[in-house]
Amino acid sequence: MSLRIIATGGTFDKHYDELTGKLGFSDSHMPAVLARTRMTIKVELELLPLLDSLDMHDADRARVLASCRAAPEKAIVIVHGTDTMKETAAVLGEVALGKTIVLTGAMIPYEIANSDALFNLGFASGVAQTLPAGVYVAMNGQVFAWDNVTKNRAAGVFQPL
Amino acid sequence: MSLRIIATGGTFDKHYDELTGKLGFSDSHMPAVLARTRMTIKVELELLPLLDSLDMHDADRARVLASCRAAPEKAIVIVHGTDTMKETAAVLGEVALGKTIVLTGAMIPYEIANSDALFNLGFASGVAQTLPAGVYVAMNGQVFAWDNVTKNRAAGVFQPL
Amino acid sequence: MSLRIIATGGTFDKHYDELTGKLGFSDSHMPAVLARTRMTIKVELELLPLLDSLDMHDADRARVLASCRAAPEKAIVIVHGTDTMKETAAVLGEVALGKTIVLTGAMIPYEIANSDALFNLGFASGVAQTLPAGVYVAMNGQVFAWDNVTKNRAAGVFQPL
Amino acid sequence: MSLRIIATGGTFDKHYDELTGKLGFSDSHMPAVLARTRMTIKVELELLPLLDSLDMHDADRARVLASCRAAPEKAIVIVHGTDTMKETAAVLGEVALGKTIVLTGAMIPYEIANSDALFNLGFASGVAQTLPAGVYVAMNGQVFAWDNVTKNRAAGVFQPL
């Protein structure tokens, strides 16, 4: 089994900039995160431009699709912002790539106390190896089909339509 | 989907006692851990006596088996020490319970820097929902059948026989 | 020896709101922080409205001054935002209260990885007990007189004028 | 102002070894800790052999004394185990070195949740710059003279004799 992890930024990977006092992006946390996971399967990390998912445009989603298409792995985890995760999932879901693609993210950045990032990455890395080919969103300890998921912004959780 | 999590202690749940300077067990971290995961599926936490898995005897494994047998859930995650995880897995695996039972744990306690605990719990919580009925060990981002796994103590990783 | 700690917010006490994705204020971290410090001297915590120091006005600084004046303790630490720390220090410094008042804060919020908050609070709590009466800024492991300090925003450090 | 920090190990610097499941010593955390403190004064870090203070013998204390004697700095912080901190303090206190020497440590290792290490280091780094020449123990947010301090092991705190 081998796994590709495609990082696109999102809350998961945000970094506090002490000079500006703002959360943004710097070097990805993913290399440190992956070392911490102690995964022994073959894991390929692909870093795309790190974006807040509210700043993702069609071209950015097309790039994610291109990465999935080009990937030799059959199991792919995409770390993505939560706000437009379902839009990217839809772009991928409408194409039959014959791979298991799982989008996940975090409600609290990896580097902030009480973050769900590591749990979500574990969850997604598990179901990416066990679900049939298709496109899924994995958040809140739950697997959603790409075309039956929405973020409930008021509650801060994902749920079926 | 509903999920039972059975905590038995192990490295995952160890606590540093500042009076003795030793790692042991106090209140389980699991309630705080589960809150942090933000899981929205129904999760039932069952706390068994917290033990170092080197201190687990037949009666302790029988108790884990009894809990699995009694559980109404079809998906069960067992948080367990790594040193005898495969022994407990064997006790469970030799009985056909018709449930998906996934044993996991941690190489570094949840409360210590760089812990793999949260990742492993996420991984196990995912595959417990997606694998067919059976007994599995989920460590190092990998799923092992209960009768084809061993801990390589020198390397600190799980691998097939 | 007894110590008063006056919390006014600032970067030190910021909290990530997972619904809005923004850093702001919620319940102060200070009660948890103080428990963690294991201080055995008498410590009185006074929570003022938690503000970003860029949002502090004259009335807010007057309230800090009133708190210092009313305090029975001779040693006071004020947790404050870094951007206008010297302005509040000046309001306090121009009045001779006969107390040792030390302003401190953080470049990284307490709840974010790699925070300097706990170090700075320790530093300030130490020098508040050992310096003569007066008003000081304690940042970057250094004590500054209230009228000879400025924040170098480009470098993110405090320095003498 | 310049500050020497002498690391001798102790609970502060203990590291969890995931292969043995025991707390011991590996590379010192101090370089990372010092980066995190963002101190802008000149800080010289001197790493002595890292020891549990219960394993410290006369020769080890003599080495600490030699380091203090040789140090060009007038302000010295010694990071030390708590169990025999007062013994080392006594060795230093009986010699008039004309320097301000402050011993500190931690009840919880730096790398374990809820550690007091960073607070204590901040506290000690502050009072080392502000106290008159002499030898002190700084723990629990309190300064103790070297000849009037003891660790209350049952309560896990330092107190005067």
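Each chain gets a letter, A, B, C and D, in the order it is written, and its residues are counted from 1.
By our rule, contacts are C-beta pairs under 8 Å (C-beta built on N, C-alpha and C of every residue); 3 or more make two chains touch, one makes a residue touch a chain.
Bear in mind the structure is a predicted one, so any value in this text is a computation, not a measurement.
Participant: Based only on mean CA positions, could you tell me how far subunit A sits from subunit C in angstrom?
Facilitator: For subunit A versus subunit C, the centre distance works out to 38 Å.
Participant: On a C-alpha centroid basis, what's the spacing between subunit A and subunit B, in Å?
Facilitator: 25
Participant: Report the inter-chain centroid distance for subunit B and subunit C in whole angstrom, where each centroid is the mean of the CA atoms.
Facilitator: 43
Participant: Quick one: which residues in subunit A touch 2 or more of the other chains?
Facilitator: Within subunit A, the residues that touch at least two other chains are 107, 114, 156.
Participant: Touch graph across the chains, line, ring, star, complete or other?
Facilitator: ring
Participant: Under the stated touch criterion, can you name all the chain pairs that qualify?
Facilitator: A-B, A-C, B-D, C-D
Participant: Can you list the residues on subunit B that touch subunit A in the complex?
Facilitator: Counting only subunit B, the residues touching subunit A are 1, 3, 36-41, 43, 107, 114-116, 118-127, 129-131, 138, 140-143, 156-159.
Participant: Could you list, by residue number, the parts of subunit A that touch subunit C in their complex?
Facilitator: 11, 16, 18-19, 21, 23, 107-109, 111-114, 153-154, 156
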